[in-house]
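Going in written order, the chains are labelled A, B, C and D, and every chain counts its residues from 1.
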Amino acid sequence: MGLKLTRGAFAHPATSLRYRTGSWRMERPVHRHRPAPCHAVCPAGEDAQAWLALVAEERYREAWETIVAVNPLPAVTGRVCHHPCEQICNRGNFDEPIAIHHIERWLGDQAITTGWAYPAVAPAHGAKTVAVVGAGPAGCSAAWQLTRRGYRVDLFEALPVAGGLLRSALPPYRLPRSVLDGELERLLASGIAFRPGQRLGRDFSLDELGSEYAAVFLGPGTQRSRDWDIDGATPQDLHVGLDLLKRWLDVGFVPDWTSAAIIGGGNTAIDLARVLRHAGVETVHVVTHQSLPHPGVEQTDTMPAIAREIEQAMEEGVVFHEHRGVQRLVLRGERVVGLELVHRKELREVNEAVRHVSFEGTESLLHVDQVIPAIGQTVDPAGLESLLERRDFLTATEQGRLSGAPGLYAGGDACGNHGSVSAAIGDGRRAALTIERDLQRIADPDHGEPPAITPAELNMNYFEPQPRQHAPVLPVAERSGEAEIISGLAQQQVAREAHRCLSCGNCLACDNCWTLCPDVAVLKTRHPVEDGSHYVFDYDFCKGCGLCARECPTSYIVMETEP
Amino acid sequence: MIEIRIHGRGGQGNVVAAYLLATAAFEEGRYAQAFPNFGAERRGAPVTAFVRIADRPIRRRCQVLEPAFLIVQDDTLLHLPDITAGLQDGGAILVNSTGDSAELGTQLKRTVVALPASALAQEILGRPVPNTALLSAFLALTGLLPQTALVKALGGRFHGAVLDNNRQLVEQAAAQVNAGAWQEGPHAVRA
Amino acid sequence: MQYALEGSQALARTVALCRPQVIAAYPITPQTHIVENLSKLVADGLLDCELVSVESEFSAASVVLGAVAAGARAYTASSSQGILLMCEVLYNISGLRLPMVMTCANRAVSGPLSIWNDQQDSMAVRDAGWVQLYCATNQEAVDTTIQAYLIAEQTELPVMVCVDGFTLTHTLEVLDIPDQQQVDRFLPPFNFDRRLDPTSPISIGTLVAPDFFTESRGDHHRALTNAQQAIVAAAAAWEDVCGRRQNPLLCVSDMGDARIGILTLGSIAGTLAAARDHFQSVPATRLMALRAFRPFPAEAIRHACEGLTDLVVLERALSPGSGGIVGTEVRAALSELQTAPRVHNFSVGLGGRDVPMDIYPRIHEAVRAGSGIPFDIIDLEPDKLPAAI
Amino acid sequence: MGDSSDQLSHRGLRLSQPRFSGLESGHRACQGCGEALGARLVTEAAGPDVAYANATGCLEVFTTAWPDSAWRVPWIHSLFENAPAVAAGMEAALKARGKTTRVISMGGDGSTFDIGFQALSGMLERGHNVLHVCFDNEAYMNTGIQRSSSTPHAASTTTSPSGKVRMGKRHLKKDIVSIVAAHHIPYAATSSVAYPSDIRKKVRRALAIDGPTFLHIHTPCPLGWGHDGALSIEVARLAVQTGLFPIIELERGRLAGSMPIRTVRPVTDYLQLQTRFRHLFADDARAREELEHLQALADHNIEVYNLRGTQPDSRDSEGADTVRRGGMRWA
């Protein structure tokens, strides 16, 4: 029976659903996750946006677990990382970047105080065992990643305790030992077999490891200071930066100098400078041929030390000499009484080669009772001779494979990276993933990550300016000893700060698309659908107008030409 | 069937007079019809209304062209050119006037009865509204309907003291005319 | 019960007896007395309904449209320009099949301006899809108004009750007004199943494409044609209640051997009847008063014209450039007869011109003289016409 | 995404949405239609116990092509110029029948500002308990973009085209809300589809009032204004942020509230997105003058309604629709 007219041609409710306007569509909206810049830039590989979302929903433990799935040491990195995530945060273009490191730190501390266990899985029966050498950031990261993937891990460490340079080189006012221990102890308790006091080359050899373990990861760090001299001259009572720092950290060595000059622009140099100041050395100079961090200065030309630390060092009275080199040691007998400095810069040749150029006529004298080189360290060759062939560093691939040494992997400072803790953690993780792939004979994925969300792609009409939360900083006068200089945020500050996250490239579940679709073609779901959002597009009716994509605050919706 | 034309001025209750007379007939079980000569005239302008009274249902809807009687609510209207137009031979005119009936009769060459209706009303009702007095006198003259019928009709419009005064006015007006004088008028034959 | 009442007053009382829930109107002579009387009934608490005094006839019609759609029994009344201003809404009301009753106090349409009676206004909307019933007397107006509600609500069509302005609306006469029990027995409460209701939210007034519009019109036409049965049934049912016989479609009063017939609409019928008795010398005449103009009772008219040699259609309207409106339709209806009477069509009584008793002999003279007069304005006075250009 | 949504029963999901939607999918509005969005938001805020009278226009045509209707609410369309009168009749009927169902009449700017203005005025004057919603897209779009008394000054339409001697519409946009407010009704307000929360708030406010109320919603028409459908919200937002469309509330004829503009944008930001104003960007003295004229009109609005926000306000032109994680901020 065909369609019959109704009296007066009335119509029944919602019968328009018979008419599928989806056929009008030339483009369709889709949910497209793209990395937030904070994610793309993180050396450790954290997706800050993802765990900030959980924090905003007050799902703190899940947030922490999301972090440690990538970085097992949030309480540490929350303190010591130079957090490039915040420099690039899109919110920075709007008002101020999210205080990501503070929230990470708070979660790490929360995990320590409430004793959250690392979410590890018990190794399967007959699970393969991997050796990890060096319990520094890289080693711990690799060990953890393998453990949580169900492998057995033996973690070898020369020292009696884990932590590597985190323990040996970071002053407690930057990283309180309680925090370091609180994190490491629980991490090692996650199922990692920790072998302290086992030194490579003394207690075991690479070959032994190679034969006993399915794979070996090397994270030995850099234990050997570079040789230093000026035209062959070295002071008789030469102290080396890192050793001084270690000694101060171990035994609380306090010098009796009134003035000192530290050569170098790395974190060690700055840490030492500050330690000396705190210890009462009146004038402390830092001499570097690089530039202090200023906006607009090339990364390559800036001191590698963390800007925040440099700032605080200045506050504490450390004197900086940028773009300076040491031309000559001024000696009284074999004792150093001063330095002749000269303006010096790194210049790039046409062939990109770097040349240090001193500018004649810019010489000046600096009188100090101590000159301390802090120009970096190299790998201790003991046990690694075969791999090093008297090079300073191990050479590993992006995936962490040691070239020409199957079954051997490496990461961290030993590979001569920029000495950032986060980078080491990233190395460890990537290497662990590579190990797993190699053990399972899986080829490396050739995924080029899609580009990160840019500020222009966000619809900022939907955001309100909100000031960034700030944590109290210890006044200069009180900065001596171990008291942590920057304290943390309070819980409600953390919550407020997490809500500032724009959620770049991810669904905020803000309802905009659901509210603004003129065709009721966006439907809200009770539980998140597999793309993680709370909405689905009803392509039976979506006309493809693009309003939802245009108005999506986070650029999570994009228009695609119809398949 | 008797046909009556009522002359008045806008605002004098010309139509009301017609309605009252027809209603009085209805109260006596007669058939009646009353309607204005529909116009757009405003207050003060000369207006007319018609009344038909019969013993059988009245079917015609046309205007009254040959009335048996005229009731004139205001003697100034007597000077209108065709005031007596269509008035049947032997038809009579009742006019609200303080003048002399015979005099007016000779002027109009018709039987005329003058009644100072406004004065009577002023005296009894306190307002110079001629309708009640004119209608009562008309009924008395023609013997068409008993006074009681008019009182009933008035009862449909007035209550309490006003009705009592009107009742009194009905008696007074009836007493002022020669009852039954027009009994043998043209309506007698046609009724 | 019998009363001496003005037509408008009687209609107001009658409408009140039908228990309308919403009344909307805008004043226009000669409809005003009806609405004034209804307002008084509401003011005196004798009628419980929503009385909406709108700002135009257009809104009056729109308000009752909305009221019926929302499930209420509604009433409105108008005349002349008012009916024409309503015109667009009238089509809409009937097309949406919304049942309601309105009184048209028939009046001429301007210009030049005339406030007096003829039937040009209701004739102008004869195609609006409404039932149109014409009343010869005020008693018919009373009875028809009550029946109109039953007809409307049974057929889901609006009904226009046409009553001659002034001639009926302003005439006091003796009328029988039924009591409430009688009306309630006859007219059940209004229960409109297509009403706007949140519990079954339908959409009324949709856009209908060419593939169905013809059917919607066809359905409307069929419904209006079939409404004849409802009209007949309503008259019979009302007779059972009040005892008054009423010819539902066409009122015929014969004289047995009549060869001439006169068909008219509205109050002229009474004058003609009176005249027929008055002028004994005039040949026997069959008088017909057309009550239902829409639906048009062609069959009833053919039947009523059997044996006639001449039929005069006398109407109070005019289609300039064509002539009579009713006459044309009657002529068309009769054309199907084997021996159709000659049809003479006259307009009369336009703009309130009095239709006197002697119109009756004049009609007969005209018929005797002419052999079938297609159309003429019978009471036109040629010497008053301006010089033709 | 597509695949995941395909695995869901959309029909079921549609029926279990955590909001009431009086307007369903399957209507035939243009892509990015502001009026369709506005109508849906109004029904959402008004809820199910409301009956609607809809004037002739796009909304009526695209929602009810028999036998289909996109409405889930009792709805009637009668004519172009009588929606408020029909609504008045519905209100009277519902009152007489002892129902509490509320009545809303809806129309475009044509039916509200022009042809239906008398019926609207009558409804307001008689104090019917009816909310009239005007979806203002500033021209007769249903008949092909002819100018109405709501068309803004200098806008080009098919009956106010720009040409050698004309710069689009010569006359001003009628100040309907002031005229309506002059009826001394309890509540009259303006709003915009760029601010859904504002629409919802005002619909609820109006329906809570016993008496006639009026809501004037600015609804971009991609076709008639000449912008991409995706820009409908952006354009509507700019109309507010430039001051050309003030968002205000009037109670008993008095200004009772307004949406402050936090950062006032130049009118050109708004105009240049729409081809109906394209002629104003020609290198022509009269074009420059008209641009200045429109800027002056915007400045005048800002002054008259005191729209310049002093400090950030959660209800201003930028704060009003701030999103929050988790949404449902309007539920």
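Going forward, a residue touches a chain if its C-beta (ideal position, glycine included) is under 8 Å from a C-beta of that chain, and two chains touch if they have at least 3 such contacts.
Quantities reported herein were computed from a predicted structural model and do not represent experimental measurements.
Engineer: So using the touch definition from the top, which pair is joined by more C-beta contacts, B-C or A-D?
Structural biologist: When A-D is set beside B-C, the one with more contacts is A-D.
Engineer: When the mean CA coordinate of each chain is compared with the mean CA coordinate of the whole protein, which chain is closest?
Structural biologist: Most central by this criterion: D.
Engineer: Averaged over CA atoms, how far is the centre of chain B from the centre of chain D? Could you give it in whole Å?
Structural biologist: Each chain's C-alpha centroid was found; their separation is 67 Å.
Engineer: If you average the CA atoms of chain B and of chain C, how far apart do the two points sit, in angstrom?
Structural biologist: Distance between chain centres, rounded to whole Å: 35 Å.
Engineer: Hey, how far is the Cα centre of chain A from the one of chain D, in Å?
Structural biologist: Spacing between the chain centres: roughly 50 Å.
Engineer: As a quick test, compute the distance in whole Å between the mean CA positions of chain C and chain D.
Structural biologist: 44
Engineer: Which positions in chain D touch two or more other chains at once?
Structural biologist: Counting only residues that touch two or more other chains, chain D contributes 63-67, 69, 71-73.
Engineer: Enumerate the residues of chain B that touch no fewer than two other chains.
Structural biologist: In chain B, no residue touches two or more other chains.
Engineer: For chain C, which residues are shared contacts with two or more other chains?
Structural biologist: 96, 201-206, 208, 212
Engineer: Between which chains is there touch?
Structural biologist: All chain pairs meeting the touch criterion are A-C, A-D, B-C, C-D.
Engineer: Per the contact definition, I'd like the list of chain A residues that touch chain C in the complex.
Structural biologist: Within the complex, chain A contacts chain C at residues 5, 7-13.
Engineer: Per the contact definition, I'd like the list of chain A residues that touch chain D in the complex.
Structural biologist: Residues of chain A touching chain D: 3, 6, 9, 11-21, 24, 28, 30-31, 53, 56-57, 461-465, 499, 503, 508-512, 514-521, 523-526, 529-531, 534, 536-541, 543-547, 549-551, 553, 559.
Engineer: Chain B touches which residues of chain C in the complex?
Structural biologist: 2-4, 6, 30, 115-117, 164, 166-168, 170-174, 267-268, 270-271, 273-275, 352, 354-357
Engineer: Name, in rising order, each residue of chain D that touches chain A in their complex.
Structural biologist: Against chain A, the touching part of chain D is residues 1-2, 4-5, 8, 10-11, 13-14, 16-18, 21, 23-29, 31-34, 36-37, 40-41, 63-73, 196, 222, 228-234, 237, 312, 314, 318-319, 321-330.
Engineer: What residues of chain B sit close enough to touch chain C in their complex?
Structural biologist: The contact residues of chain B facing chain C are 18-19, 22-23, 26-27, 31-36, 38, 40, 58-63, 65, 153.
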